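As structure tokens, the structure follows; a few thoughts come after it.
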Amino acid sequence: MSLLRVEDLNVHFHTPTGMAYAVDGISFQINKGKTHALVGESGCGKSVTSLAIMGLLSPAHTKISGKIFLNDKNLLSLQKYEVRSLRGSEVSMIFQEPMTALNPVMKVGDQILEAIAVHPQRSLNMDSGITTEHKKNRVLELLRLTGLNESVFHKYPHELSGGMRQRIMIASALSCKPSLLIADEPTTALDVTTQKQILGLMRDLQLKTQTSILMITHNLGVVAETCHTMSIMYAGKIVESGSVKDVFEVPCHPYTKGLFDALPGIGNHRGKLKAIQGTVPPATEYRKLNDCRFYDRCEFKDERCDTQSNRPGHYSFCGRSSNNRNS
Amino acid sequence: MIQYIIRRFLYTIPIWLGVMLITFLLFNMRDPIAIARVHMPQAPEKALHAWVRNNNFHLPLIFNLPGSETMIRADGKAHPEFKDKSIFYSQFFLSIKDMVTFNLGLDKNKKPIADSMKERIWPSLSIMLPAFVLNVILSISIALFSAYYRETTFDISISFVTVFMMSVALPVYLLGANFLFGKFLKLVPVYNHTALPVLIAVLSGIGGNIRFYRTVFLEQMEQDFVRTARSKGVSESRILFRHVLGNSLIPVLTSVVMSLPFLITGSLLLEQFFGIPGMGDMMYTAIVSQDFQVIKVMVYLGSFLYMSGSLLTDLSYRLADPRVSLS
Amino acid sequence: MIKNITLIFFALLTIYLFYLFIKTDNGREAFLKLRSKKRVVAAFLVICIYFLVGFLDQISFQIDNKNKTIIDLIFRGVPQERTYSAPFANRVTGIIPGTENEERNLVKGTHILGTDINGYDVFYSVIKGSGTALILSFGTGLISFPIGILLGILAGYFGGWVDDLIQWLYTTISSIPWLLFVIAFLMVFGRGIFWICMAIGLTSWVELARLVRGETMKLKNLDYITAARAQGIPVARILYRHILPNLNYLIIITFTLSASSVILAESVLTFIGIGVEPGTSSWGVMLVEAQKELTRSPIIWWVFVGSSFIGILPLVLSLNIFGDALRDALDPRVKGKDV
């Protein structure tokens, strides 16, 4: 069953240099207890999508349209206070830079406490009689859950390592048992070993709590390790999506192929790494491109361009991949 | 920690010396006869020389070097007694000694300046203290709302009004407010002569303060941890007061404490205009009557207070900010 | 004659420097950003008008053995009345003080802002005040900018004891309450425009030095500076060709903001009694006069309004708006919106 369903989401910004079509009509869905990856280069619109789901985009100069269904409730049609009541309880988010994402002059335990205090009944599974003691214990429980020592409660963010800070973020994000966790590049700022630990932690927690995860990343390794389904974004649109297995085995869209080809492999032949030629145009120029926004950089241009292909469970905006799986 | 306090304190000493040096340079470098003439415009030369001697301007400037007893000093005479005095028998060192021991000396009417100050400090404070408190409260609240509702009509109009208020010269406030409230509207009761000065002091000061605080608050609001707090579902008011204001405390506190010394120097214009016998009025009288000693004392004291204020704020926020290690 | 030529040369130099600024990357970007905001363009025009008018008041010629400036020539047709007259008045009403038994003379011309106690046109005085404001702004700038830039660059580039020394110097100066220091300075050295410029100039270089020092320190670590040093290019040349041009924007911002505070300070100082010399016309002097006039009955309000709301306020307001906008436009943190 689908927990989150994004339908034709558009997020446009008024900028001094013109209208930026950061997210230009995307759709995807996430099922209960599954992890969905939103993959793409920096600036392709993935973070904006996550902020739009959380309602964290500032309304000034911003135009949002489309539908975001969380359990059949359209988030974009809700009032501000309704959106706020969903944050932490139904949807929560962890961010890329755990150092700046935590308040530097507040103890980390207090920051988790703050999250609990927003939805104490839900967090503690109690209807009434909630005391500070209860909340504190819950914080300690969450610290244990994320593999941290209880003494961390009284520490400040700068006293902890990057991995520990990210665990704090995860602890506070999961404190009120959300149905959906959005993880915006959670391991990009961490070293590889810590990355593995954090991803492992997230996998375990997901199995325990059955929380769905929207994993935003540009790292295909992360996708392989943790995600069930994936969507690839380019220039504000989704160019390919499907299960991780399908897309990894048979990448259909040339952009996806380019991404995979660019990965260095172990034991590979020597030679130059294959990079995708050209660069991503600025968001204000998106609409000036063809329907297939990758057209200018694509190696495989032909007359089947600008059409979609839809195989069961594996979508790709590239006409070439309709019949032949190997083209 | 004690080590840090001592170190910080020691750092103030060169500044203190510098202040004493500059004060000395300002008041003692000019030709003594010229200064004497300023005091007594029509006096004959003998009277000028006597004045020079009375005010110790006949001493060597910086060091009492051998041979000074034979030179003709500023009072027209040679002073053989210099031979028996130490090398530190000079204007500079006497001046330093006075400043270090806070020997404030006498004003033009031979009254000890310290006594005058004791009499005058309360009238000054009775105006400046309420003005200060009002100023701080109003500026911070208006700035906070302005930052929170940024880009709304409220914020934009506040921005314009504050620039406007900053661009009005203080005498204009004085004349204008006095005229408007005193004569025109006849609002201010005659017996209460603190309301109007306080009002003018507040009006002339809040413009700049609001802009400054607004910038500080905006800077904090754009920090990542505010976004994190919002994503946890924390209410906007808590974000504003706990996170934004809490983290803005350092620059706000610094600015507040730094303006405290000016409470004591009083406002020259205000006191003179309203006939308040405070410190500012003392300064004004000194300017009109060319009483250099009083001005010198005020300059030195003002600097000393400012330095102390700076030291205090520095220490207090280093101690309060958990990010700073004090070893 | 020579004075006029130097003045015009100086004015052209300023305009040329401004033009150079527009040509740099920073400048061009800021220019584009600011051009779209009506408020800022209006402020800039106001500043230009006031400075132009003030400038015209500096260029003088010998006519009939008296020094007359261009402004004087423009106002040649404006008559001097006997005493006060209200704006736009064209006939006398009431008794002229001191002339109870004299004929009532018709006011000879229409004065937009009325006349002061000596019958001089108030609008004329306001314009003259603009000239004083111009001199003060540029005068203090002339003194404080070289000091501030030089010391800032030295402190930022060389670091070490040079930096410590210069920091000590400007921390000490900024520890002294500014107004007190300026008052003391003026008392010791004397009043008048020259000494005001000196007093304010010698104390206000601190702000610029701090900014320049910070910027120099940032620039020093850029690769192309390191490359230049590695090539053995002499320090002075590096400072002049590579670091100095990047400081342009600091100078302009500091100028606009310090000009506004100088003008306000002059009014306060004159009001206390240690400002410009009594003969000079400045807005501060007009305010001093206005103080007495507001208490008369009938109220003489036009000198007050003229000096404060036609003189000081528009210019200072525009300087503030323009300076702020410039600073926002050039703030490196606000470079474009990241999506």
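For clarity, chains are labelled A, B and C in written order, and residue numbers in each chain start from 1.
We adopt the following convention: a residue touches a chain if its C-beta (ideal position, glycine included) is under 8 Å from a C-beta of that chain, and two chains touch if they have at least 3 such contacts.
In this text, all values refer to a predicted model and were calculated from it rather than measured experimentally.
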item	value
Set of chains adjacent to chain A and to chain C	B
Chain pair with the greatest number of C-beta contact pairs	B-C
Between chain A and chain B, centroid-to-centroid distance (C-alpha), Å	54
Rounded Å distance, chain B centre to chain C centre (Cα mean)	24
Chain C partner contacts - residues on chain B that touch it in the complex	14-15, 18-19, 21-23, 26-27, 30, 35, 163-164, 166-172, 175-176, 179, 183, 261-262, 265, 268-269, 272, 283-284, 287-288, 290, 292, 295-296, 298-299, 302-303, 306-307, 310
Chain A residues within the chain B interface of the complex	54, 56, 60, 84-89, 92-93, 95, 97, 100-106, 114-115, 118-119, 156, 158, 169, 172-173, 176
Chain A-facing residues of chain B, complex	151, 223-225, 227-235, 238, 243, 246-247, 321-323
Footprint of chain B on chain C - complex, ascending	168-169, 171-173, 175-177, 179-181, 183-185, 187-189, 260, 263-264, 267-268, 271-274, 283-284, 287-288, 290-291, 294-295, 304, 308, 312-313, 316-317, 319-321, 324
